[in-house]
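In the two assemblies presented below, chain A is common to both, partnered first by chain B and then by chain C.
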Partner chain A sequence: MPRRSSLSLRQQDARTAWLLVTPALVIILGVMLWPIVYTFILSFFNAPTGLNQVRTFIWLGNYIAMIKDPEFWDTIKRTLYFTIVSVVLEMAMGLGVAQLINSHPWGWKFLRFALIVPWAVPTIVNGAMWRWIYSADFGALNGLLMQFGLIKHYVPWLTFPNLAMPLVILADAWHTMPFVALILQAALAALPEELDEAAAVDGANAFQRFWSIRLPLLRPAILVALIARTVEAFRVFDIVYIITSGGPANSTLTITFFTYLNSFPWGKQGVGAALSFLISIFTISMALIFIRVLYRPEETQ
Partner chain B sequence: MRTMNKFLMGLLTTILVFSVVGCGAKKTGPVTIHILTMDQAGLKPAEIDQIARDFEAANPDIKVNMEYVGYDYVHDKIVTGMAATPPAYDAAMIDVIWPDEFIKNGYLLDVTSRVTADMKSGMFPASWNGVTRNGKIYGMPWLMDVKYFMYNKDMLQKAGISAPPKTWEDLVADATIIKQKGIAEFPIIWSWNQKEGVVCDFTALLFGNGGAFLDASGAPVFNNDKGVQILTWMKQTLDAGLSNPSSVSSDENAVEADFLAGKSAFAVNWLFQYSDSQDASKSQIVGQAAFAPMPVFAAGAAAGIVSASVDGSSSFAIMATTPYADQTWKFLTYLASNAVQTKYSAEMLPVWQSDFTGSALATLEAATPINPVTVPAFLAQFPYANERPTVPYYNEGSADLQLAIQQALTGVKSPKDALDAAAAAWVALAAK
Partner chain C sequence: MIPYRRYLRKLLLFLLTLPVFFFIFFPILWLFSASLSTQAELYSIPIHWIPQHPTLTNYLQIIFPSQAISSVPRAFAVAIWNSVKIASAVTVICILVGSLAAYALVRIPFKFNRSIQLGIIATRMIPEVSLILPLFIIASSLQLINKPVILIVAYMSFALPYAIWLMVAYFQTVPIELEDAARMDGCSRLGILFRIIMPVSVPGLVSTAMFVFLLAWDEFFYALIFTSTLASKTAPVAIAEFVGRYAVNITGMMAGGILAALPPIILAFIFQRYIVSGMTAGAVKG
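On to the complex of A and B.
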């Protein structure tokens, strides 16, 4: 008599499912989860780079050292400056472009397609492109302003500590605005037209219709875009690395770049690990605050 | 259905097992060694590739995989490469400022026993400085480079200046004339961006003023009045419009681009700038560039300093954990051999001092059209190459100094305050 399997059909399916999923799970655990856990453990050690270096357990030593370090707080301030201005710019531009596309002007389908181009460009390429645009001797920005007669000499834009950050923000906003625009445009397209028409009948003008009706209904979509973009902007690295490398005079040194400097050029991996988790604490807090302030579950119905 | 499931599971398990096992399987056949180097200064990637191909032809059991990145990225790639087992690179280019850090980290293989007497006596003693610590040798010399002072002959002629400046004060005077005559809007271009390049320029200027980085006890002295003077001088040349304001965001490639476009009359840079200036596909000033000894400050000249520049040599080191030390050393020996180096001497002068004496010198000078100019320039300038501090914390210390210089140049801090802050940071680093 053939031995009956002791598992039910359902359990057998589950077993097959587990086997099928295992390769992907192994990769995810290996590539993503393990480094996170290891970095967390590392953050409690004094861990200089090197093959034969002794790692001493210092509990919260790295965290305390960073919190006491004025350079850390300066960097956080700079990063917040970058995040706030960049996100506000992206949201405003994104909303404007979304509204524009939604009003279906002539060629709106092409506009929606063309919008993907800045976003599709890899961040490194975007950074290299903007570095050339801002170039003191050969840049397109200088060329353009010169043509319009707005400047008499080429200006070395990236050498001014006060200007470098706004310029990096502009490069980042140009690159990421399409993400916001597309999310908001999809949300706008899903809004019922009757509300708008009813409001128009009641005498509301275009701005009132936008502010009091469309904007509140967009809240869930705005929340999604806001959280995604804020977390990304706070962790900005590539564009700073390529355009200014944190200069001039550290004016574009953001927290992730500071983490990179500690971990690799300066060989302080314990500090770098602690900084990574401090960044995570900041971004999670920001996300939670946004959800607290903006999320109204009843509005999605 | 159950049979199908069992079969499927059996098949999947087999595939899984094989793929995991297959990942670790060792390949038989030629050994491949991975070498990391920079794609600027020294030989061009195409030339090094050719050397690798020639080596492979002579050594069929070794394959050489060269990787080229910009100088600023090499250090970090070495660090991350060494985190793997086996390491991502079997050998890498080591800048003259890294051995102390890398030896402390255990990255470099001790090759003292592999270096032959021929190599030791044949190559310039100075070339071994970059890889020797405590009597042990950790690499093979490769590129002996120093920053040169280059000027545009035609521009000076147009300005009525008969000879290049001997002091930095003379340079300011000459640059003022050139600017006033409208020959160049910003006559001088530097690599003062917030990277190692600015410290290189600072080194040349500091030693040219009789200054130094550290005193005998290892304490920082670059913030004494000699250091403050040169930083103030740097800022003054920017304010006077003599140094190009874009210097503050320029690296050595940007300096070359500016000089080769004929926009500046004076540019301090590594040797590659001269060879590129003679290349019509890159340069608009073919035949106009010339070398002069790196100037010093009047105070330095009074103290007997003839010239002062900065050593930017690099070598190749074998990574300590490589499984292919023998093959890698074989390739490095070939790379540094006299025959190979003389063949490519237009881009990079050989490290063999025998090439610079007697009939060999004549051969070297005749090897390429630009060697008659570059070889004497090298022999004249390299003896005055100064070292940056050989301390293990140099990378982080340099970052503090780069910040201080940038803060002074952009007016965020006064030169004295900026340098004092950097010196305090160095003291803290040394104490760790």
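On to the complex of A and C.
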């Protein structure tokens, strides 16, 4: 008797659980799993855009065309350039600002508060703002440099292929550095102060204390921020779209932008599907690393 | 330590904060100042950091679009209203559906519980570009392009996993003793959830709602693909559209940008104490 009743309670619980979980699962399966599978299947077809276009099965044709296209490899290189430089820059700035806040200079509370502003500004507003800052006609960058006598004429910053990517990265850093800084600052503030004091008594200088005591303890927080930022940076689209639209001379054409161009303006849905499947593979493998980091914190220590 | 050295250290650190403050505030303050100037003054060289003839025209035309002469402020007013509607709908659905699922995942042991949790973290990472083609194909054949409902559905793909994840993190902090006591009294699971857990979880629900609203407000890619008429565009798409097309009314667009940035900034300030915990739990802002 007791066994039966406890079993039925468990069953009842499980039924309630499924009742609660099902709406969410239906939505997630409908808007995520099904599209992913569909995209995968579509990547084996020659699929021009349009409702009445005929799709033909071409095996790995889209993938082969993709690998043979030199533009594809260039977009990969540019995406890696954007990802590595922007993530390193944001992590360095974020860590620096976090450490600065944690040293409690005058106004540190206001600084922590101020970081929320760039974080909350929508990505597209941020992009538009920097596009205007870089403007050749009225931009604040030109205005500032001229005020200090560094330039004699306004410079069309965004027309130089070598400069466009660094300028987009700077714009991105304004928006994303606060995320890194706030996460790392919270982690720094949670570290026990005694450690630092003990090391100071033992004669460690400020840099040594930061490098060999705080930094290793920050590793879990740094990993969380690093992986989150890497995944985000790899799929950068919005800010590129609004500041340069991939130009000049394709110098800011990243993989997501290339996928967008193939899928929509160029009407090559099959190629677009192959490209987006590739992006999914990368992000899901990053997600797996992420899960390991989150679920086994003891291994990351 | 000698007092004056401590003072020197404080001063040095303070000097270090100045470039950080400059980096944070210079762009946004310039944008705000430029949005208050006339088109003619915007182009003046050397630059006017503070407009000599400040005007609120750019803002008033968006807030009272019927009096606007150019089409930019009118389109902005519509776009901001579209964004409000879509982001609110996404927030309400995510909170309802997400908190129910999160409670079950945190407190009820059942088969596949862990697999579902891991699946939700993994789906949180899938980029929009990987889902867009099938959603676009379906939306076109059902004639849902330019309808708010397709954006609300599409936004679920990133907002719902995020909401569930944030609520999971929150429910984990609710003491289980609260539930045990109620169970002793013969309260059912659903009774516990609605009468005990939900009321004490209001802070978690509110901060999750804020994050979801910000994500939906920020979204650009789906809105770009799924809207083609001015009447259906959201604020980010309207901004992108005008930045590329209308070179004439730049100060008007700047005012639009500031207005589109205001709701998230205000929300973030109100709920600032939740932001860091939400960031760490959600780990990715879309």
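By definition in this document, the second predicted complex is superposed on the first by the 273 of 301 C-alpha atoms of A that agree within 3 Å, B and C clash if a C-alpha of one lies under 4 Å from a C-alpha of the other, contacts with A are read in each partner's own complex, and residues count from 1 in each chain.
Here, a contact is a pair of C-beta atoms (placed from the backbone, for glycine too) under 8 Å apart; a residue touches a chain by one contact, two chains touch by 3 or more.
Computed from a prediction, not measured in an experiment: that's the story for all the values here.
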Report task. Answer with clash or fit: chain B and chain C placed together on chain A by superposition. Result -> clash
Query raised in the report: Which partner does A:Leu158 contact after superposing on A: first (chain B), second (chain C), both, neither?
Result: first
Report task. Quick one: classify A:Thr230 as touching chain B (first), chain C (second), both or neither. Result -> neither
Requested in this report: Give one of first, second, both or neither to describe whether A:Ala249 is in contact with chain B, with chain C, with both, or with none.
Outcome: first
Report task. Using the touch definition from the top, say if A:Asn62 reaches chain B (first), chain C (second), both or neither. Result -> neither
Query raised in the report: Taking the superposition as given, does A:Gln53 touch the first partner, chain B, the second, chain C, both, or neither?
Result: first
Query - Touched partner set for A:Pro122, first chain B, second chain C, both or neither - result: second
**Report entry** In the superposition, chain B vs chain C on chain A residues touched
**Finding:** C
Query raised in the report: For A:Gly143, is the partner it touches chain B (first), chain C (second), both, or none of the two (neither)?
Result: second
Query raised in the report: Which partner does A:Thr83 reach: the first (chain B), the second (chain C), both, or neither?
Result: neither
Query raised in the report: Of the two partner chains, chain B (first) and chain C (second), which one does A:Leu261 touch, if any: first, second, both, or neither?
Result: first
Report task. Just name the clashing stretch of chain B against chain C, choosing from 78-86, 114-122, 294-302 or 366-374. Result -> 78-86
Query raised in the report: Looking at chain A, which of its residues have contacts with both chain B and chain C?
Result: 12-13, 16, 20, 23, 51, 137-138, 245, 264
Requested in this report: Would you pull the chain C residues touching chain A in the complex into a rising list?
Outcome: 10, 13-14, 16-17, 20-21, 23-28, 30-31, 34, 42-43, 45-47, 49, 97-98, 100-101, 103-105, 108-111, 113, 116, 118-137, 140-141, 153-154, 156-157, 160-161, 164, 188-190, 193, 214, 217-218, 220-221, 224-225, 235-237, 239-240, 243-244, 250, 253-254, 257-258, 260-261, 264-265, 267-269, 272, 275-277, 279-280, 283-286
Query - Residues on chain B engaged by chain A in the complex (per definition of touch) - result: 1-2, 5, 8-9, 12-13, 16, 72, 75-76, 79-80, 82, 101, 104-107, 185, 193-195, 244-250, 254, 257-258, 261, 263, 320-321, 395-396, 399, 402-403, 406-407, 409-410, 412
Report summary line: Given the complex, residues on chain A that touch chain B span 5, 9, 12-13, 15-16, 19-20, 22-23, 48-53, 136-138, 153, 156, 158-161, 244-250, 261, 264-267
Report summary line: Within their complex, chain A touches chain C through residues 12-14, 16-18, 20-21, 23-25, 27-28, 31-36, 38-39, 42, 51, 97, 100, 103-108, 111, 113-125, 127-133, 137-138, 140, 142-144, 146-147, 154, 174, 178-179, 182-183, 185-186, 221, 224, 227-228, 231-232, 235, 237-238, 241-242, 245, 256, 259-260, 263-264, 269, 272-273, 276-277, 279-280, 283-284, 286-288, 290-291, 294
